[in-house]
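Multiple structures are listed underneath, in structure tokens.
Same chain, two partners: subunit A is paired with subunit B first, then with subunit C.
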Partner chain A sequence: MPFENLPDLVPVLPEIFLALVIMSLLMFGVFQRGGRAETDVNTFRVISWMAVVTLIVTPLLVLSLAGSTLIGFGGLFISDPFSVFCKILVLIGSAGSLVMARNFLEEHDMARFEYPVLVVFATLGMLMMISANDLISLYMGLEMQSLSLYVIAAFRRDDTRSTEAGLKYFVLGAVASGMFLYGASLIYGFAGTTNFTILEQVLQRDTQDEYGQSLGIIFGIVFILSALAFKVSAVPFHMWTPDVYEGAPTPVTALFAIAPKIAALALFMRVMVGPFGDLISEWRQIIIFISVGSMLLGALAAINQRNIKRMMAYSSISHVGFALMGLAVGHDSGIRAILVYLTIYLFMNIGTFACILAMRRGGVMVEAIDELAGLGKTHPLMAAAMTVFMFSMAGIPPLAGFFGKLYIFLSVIQAELYLLAVIGVLTSVVGSFYYLRVIRLMYFEDPDEPLDRPVSREISLIATLAGLVTVLFFLYPDFLVLSAATASSALFLN
Partner chain B sequence: MSNFPILSLVTFMPLAGALFVLMIRDSDPEIVASNARYVALWSSGLNFLVSLYLWFNFDNSTADFQYVEKAEWMPVLGLTYHMGVDGISVLFVLLTTLLTPICILASWDSITDRVQEYMISFLVLETLMVGMFCALDLMVFYIFFEGVLIPMFLIIGIWGGPRRVYSSFKLFLYTLTGSVLMLLAMFAMFIESGTTDITQLLVYNFSEKLQTWLWLAFFASFAVKVPMWPLHTWLPDAHVEAPTAGSVILAGVLLKFGGYGMLRFSLPMFPLASADFTPLIYTLSIIAVIYTSLVALVQEDMKKLIAYSSVAHMGFVTIGVFTTTVQGIEGAIYVMLSHGVVSAALFLLVGVVYDRIHSRKIADYGGLVHRLPAYAMIFMLFMLASVGLPGTGSFVGEFLVLLGVFQVNAWVSALAGLGVILGASYMLYLYRRVVFGKLTNDSLRKITDMSPREWAVFTPLIILTLWMGIYPPSFLDVMHVSVDNLINQVELAQSAAHTLAQSMDVNH
Partner chain C sequence: MIEALAFYIFSSIAVAAAFMVISARNPVHSVLFLILTFFNVAGMFVILGAEFLAMILVVVYVGAVAVLFMFVVMMLDINFVELRQGFLNYLPIGSLIGLVMLIELATLFGSWVVTPVIANRGLMPTPSPDITTNTHALGNIVYTHYVYLFQAAGMILLVAMIGAIVLTHRNRPGVKKQDIGRQLNRNPANSVEIRKVEIGKGI
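Presenting the complex of A and B:
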């Protein structure tokens, strides 16, 4: 049999599909006769739409793997309900940000076909991260994602802020990768394996050992934890976030705020409750610390921001803080709460960034929050959508954001972490202040110069869809909760 | 008809009206505005008529929840969409459905900017308020309770006065801070008891230690809503800046959330903690009654004066609730209802002259009786009602509260009685300065008396306040059995704990 050494490819099917399609798209782009502006734009458009279609088809492939746990490549790769759930979120996020990007890139002279290609490559990396079952494959996925993202952060290469964002992201990202590798090698040195399944058994045995866990393992976990905290931009590793969010072109920011964050949090969950699950008493206090820090800093620092992208950066930091509270619970219900939270976060953020992308005057993007003044009069529908997203992010019922917080706090109370819960709700009150400020500008102030109309069709479509999901979520929340419950229980099978 | 979801109808009909208003499209903004007004008036007016059915068909002889609806909502957690009213809540539903069309009618001419959005906000607000009084599931209750903030924030912020931004933020942040703590307490109750069903929680026994914490968390929310001294400072700001109808809803219905919440949650669910904290409540309420009455005396702004008087009246409510006597609790509910009518009318009266002169300063007025005799008469009626003159609803409520608290603590009763005297002084003083005297301000010389629309606004309120004063049984009978039942439960729980403590003493 010529194929007997062939690894089992079924669990990797979506990734293989994505890789093949994107490489053919890359080839297609490379061999186009370029040089003239309009042909370049045409190539960009074709590839952009093809990439979107690919990102929409891939979830179907992912779904075909739902319900079972498959391990491939000798234990390096795992596909389980948890990965299926997170992959679908990531794919929706990437597809959404790519759809919104088209118009912006064309108007800002950045319509080059490399953009969609890089976005899909990054997405592929994220899928790998989510499915990693070994520190090595995890690192591969992480780097594939990060390298593509470094490039698109600097995609507007003649703009200093954008190149600065790319460079900053790269340098700090490299430091984080270094920390990760150091932690991983410590783990390997002290546990003798990089595979999550074996690692879990080894650590479980060591925990019951009379000597307890060796210090090297703890050190390794702390290093890995710091690297992951960097990737999800949690305090104290958040410093790059506002600058990168502000400097990167807005559609790139929209992508950063959504897909990589979900992927990194998924990774965070898998690593912490999987191989290191038995050591929860060691890492719980660290998670609580970074969670409280993120919530506090996100809420307080956003108050004084004048740039809406910076504000969204701090907002995402505080959202990560809320999500990490669920991880501190470390229990089935905490993970379920995070998954629900991330799904709602995805829709709120896609919608908000759609509105931000519509902020342009004379064809040029404007970014100051004050530019939203009087939007309620000039663009009533867009203002209404933005209001919904802002109230939802502040966690006011009956909007979706409230339910996200509901499950998180419920699990935190269940774990009897009362102080954490009280700090959490109080920071959410502080945080609501700056969301309200956006609403105040839109409705309570008079417009000076109206923003451009009409808003492009893709953007209105995405804002409308996300708005409807956010408003009507309360009608049938159980679908999401049940899927999240299935996904989260997959992490606790053994 | 027994299975007909009448409560859902009353709750969501205004929302349907709001969707209707949202659909109105025309090139002429005037037509849009006038259509929006009519749709809003019709849908809320019709809703009032439907809600009358709740009252007429209400069974006074049972303390059970009536018109109950139950449906699956979030089966994963066991949350249900559960609605129902008892003798305590049904009258608040009626108060809400009555005041909303009055508010819409009162804003007929005074709101000319963004009428469509205004009407939508009010109809959504009505849905949320009615839903809050009908909810029998903790989460459903909370969603309605806090959802109210969204339209209220927008109403004050968009259509309010010069300091509207400050006031709307203050209202939002104060209320939110209290509510989120209550939310955590609700989670703790859910985890402890395994249910969010209010009917089951009413008979669940929480441990005394847990009760203390839960009581404090709920108190954080309700004390802001009531509002109790010293958390009342958002109220004068919000009232002064809100448009007339916003103040009416705020004073008429929103302030009742706190008192209602204490009756529905704090007292029956945490009876032991309530007994422990009663002295705290008495102290804060007495301070509220006396201090805010004194503050009201020196106000220059009519709306602010009435706002402070609301805080004082709410002090009676909290005293009454925690007496745990039939008279005290029925009096508290009665004060809430009559205050809902009277303070709404007083804010509307300020609105009438504000629409004409655009000033709320007491000093800008004087001698209105010469130009506006009908107005002066209505104002006198409600001013006296606010003071608590026999023959008006407030008298019945305040008398019952004082009677109730006298059985428990004569000192509290005496000090609260002092509040009644102070109330008379600031209201009479206000009335003298605004209505009597000479016409000094020139702009008042052309002022016109009540229009037919304004008569339509005030007539139901006049009838109601006299009815409540002259024949209270129509209202007291509705609540009587429910209140009795509530008190029995509380006393049972308290005496059970008492015997337990005694038997433990014996064992030692």
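Presenting the complex of A and C:
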């Protein structure tokens, strides 16, 4: 056997580790003697904790690759500071949502061991997306992530809303995949390659100037952009988000709002500024359009919502709009701002969803925003945490959310996109209305019937941690900003 | 000469059979015509020198997919005539959209410029058939160059399998299952009983 032909496996270590863990957890679960409810729940618990430990160990493996750019499998796979940064965010998000899920799943009769396995599968797909250096490997990662998410959206299979959410997500996601493949085939047809590094050389500005713009490439970019906009739920492709967020079981919604968003935005950045970076004049207007659209719709449509999961769906749409503003800037400072924004978004969202998961009455989940009325009197600590997250999302200083927006606006103004910045600030003001309404409900209304106490330990732990990060971020922002700067500069090395 | 003749025979039969697939009234005939199309396309692959693809087409598409279609058609009993009823009503608007897309495609291809960078790359990847066989070249691509994608595809199929089981498998009580262990553990002592039956009486 020719060992010198073995591919270099070092850059792919975290992915290989996750894949091996998935398969062993699966085997462990399958060979557990099932059938009785208690043993099933026990298996679920064990596998769930093992999955959480795996997701906490993997960042260490990822970190061991930090600081260098490694390319594996003949250019299909890349590990650079950018991918390390985004992978750690994704892993934190997945681990957090898995920890929060345990209690909910056990109480709602969904404690089957496939859930943590599928979450780790989705995470593996996200890592592969972030590290993709080729349109084919990008597609593979995207599909692995999406397929696992379709299944867990419908995980509560006896509930019509959950199955509807899964089906809706699946059908629309399949359409988006089709668009992506069509765009990728156009790019391949017109550029002769799917590899990002070579695409970047082929599409360089000088060759473009010499031979003119190729319409086919632009066509392909637009298709790929639409597919990615679907995955991050940016505006013309956002329709699935509120329904899926509302229908899916709440821990699944928490996962949807955090990890896949970060992974898809990371992908968005890599594809746009990497291979298509020199064509920025072609795609910038599209990004500006979807960014403005997402911010406007996210701010206006959330006002009328009664269901807190729907409200969070619109909130996430507007957050994506803000992040995409940084992409419209197109160079180093914009990408850095997005990375800072995403990190803060991660902690705010984990915390908010921890609070949402604690909204239970008589052991059953309640989802209406009005149920939060009087929370300040019945659950002062939870109300305080929720207040921190809502203020932070609205962007009130000195909470973390303010800094996220600050860096984005700074980079947008540096790039002289003044109109975009003005629209961003205005929608941010409109958006703060519905965040503040939650706070008003909690402190200035009387409770009908208090929510359940005590809140489970894992959920309060996560809410506390996320709350501390959100509140204390302003003391030491340098660490995050500096590492985001290292990560973003990796995208612009050549 | 013979090659051209074979090409025309294969291609004309393939086109005609493909047309019959969508126009035959009986869905079973449609599937049979589909199989005929596959065979002829496989023949064309052989002419092109892609013998591996030809064999795969016959094995996978004729052997598995077409037979699967046949099962579905026979078991589901879908009334295709009913499905096709609105066809003529939508024909004008359908053909209009088709025309628009055709024009769009034409403008797209009209503006096709090939830069030398790309032209050079386009010539590179295919090895000549004199050096290596089809099977060898494909194997080299799938299992050596694209091993990462091959493994990833395997993982995706695993997700699909888990998903199908998670969403549809239920533990139903009272279903009789074959338990091989129990079957093998039986012995005459506890499963056969010998009784003396008196003549003229039952047990």
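In the analysis below, the second predicted complex is superposed on the first by the 485 of 494 C-alpha atoms of A that agree within 3 Å, B and C clash if a C-alpha of one lies under 4 Å from a C-alpha of the other, contacts with A are read in each partner's own complex, and residues count from 1 in each chain.
In this section, a residue touches a chain if its C-beta (ideal position, glycine included) is under 8 Å from a C-beta of that chain, and two chains touch if they have at least 3 such contacts.
Quick caveat: nothing in here was measured; it's all calculated off a predicted structure.
Chemist: Contact-wise, after the overlay, does A:Gln414 reach subunit B, subunit C, both or neither (first, second, both, neither)?
Modeler: In the superposed model, A:Gln414 contacts subunit B only, not subunit C.
Chemist: Just checking: does A:Val271 make contact with subunit B only, subunit C only, both, or neither of them? Give me first, second, both or neither.
Modeler: neither
Chemist: May I ask you to decide whether A:Met348 touches subunit B, subunit C, both, or neither, giving the answer as first, second, both or neither?
Modeler: neither
Chemist: Identify the partner contact of A:Leu482: answer first if only subunit B is touched, second if only subunit C is, both if each is, neither if none is.
Modeler: In the superposition, A:Leu482 touches subunit B alone.
Chemist: When the two structures are overlaid on chain A, which partner does A:Leu147 contact: first (subunit B), second (subunit C), both, or neither?
Modeler: second
Chemist: Tell me which touches more residues of subunit A here: subunit C or subunit B.
Modeler: C
Chemist: Can A:Arg440 be said to touch subunit B (first), subunit C (second), both, or neither?
Modeler: First partner only, subunit B.
Chemist: Scan A:Leu426 for contacts with subunit B and subunit C and give back first, second, both or neither.
Modeler: Only subunit B is touched by A:Leu426; subunit C is not.
Chemist: Between subunit B (first) and subunit C (second), which, if any, makes contact with A:Phe219: first, second, both or neither?
Modeler: Once the two structures are laid over each other on A, A:Phe219 reaches subunit C alone.
Chemist: Can you check the complex and tell me which residues of subunit C touch subunit A?
Modeler: 107-108, 111-113, 115, 117-119, 121-122, 144-149, 151-153, 155-156, 158-160, 162-163, 165-167, 171
Chemist: If we count contacts the way the header does, which residues on subunit B are in touch with subunit A in the complex?
Modeler: So the residues of subunit B touching subunit A come out as 74-77, 114, 117, 139, 142-143, 146-147, 149-150, 153-154, 157-158, 164-165, 168-169, 172-173, 176-177, 180-181, 183-184, 187-188, 190-191.
Chemist: Under the touch definition given earlier, write down the residues of subunit A that touch subunit B in their complex.
Modeler: Contacts found on subunit A: 376-377, 391, 396-398, 402, 406, 409-410, 413-414, 418, 421-422, 425-426, 428-429, 432-433, 436, 439-440, 443-444, 474, 477-478, 481-482, 485.
Chemist: For the complex, which residues does subunit A have touching subunit C?
Modeler: For this pair, the touching residues of subunit A are 5, 7, 12, 19, 22-23, 26, 34-35, 72-74, 76-77, 112, 114, 117-118, 121, 124, 128, 136-137, 140-141, 143-144, 147-148, 150-151, 154-155, 157, 166, 190-193, 198, 201-202, 207, 210-212, 214-216, 219.
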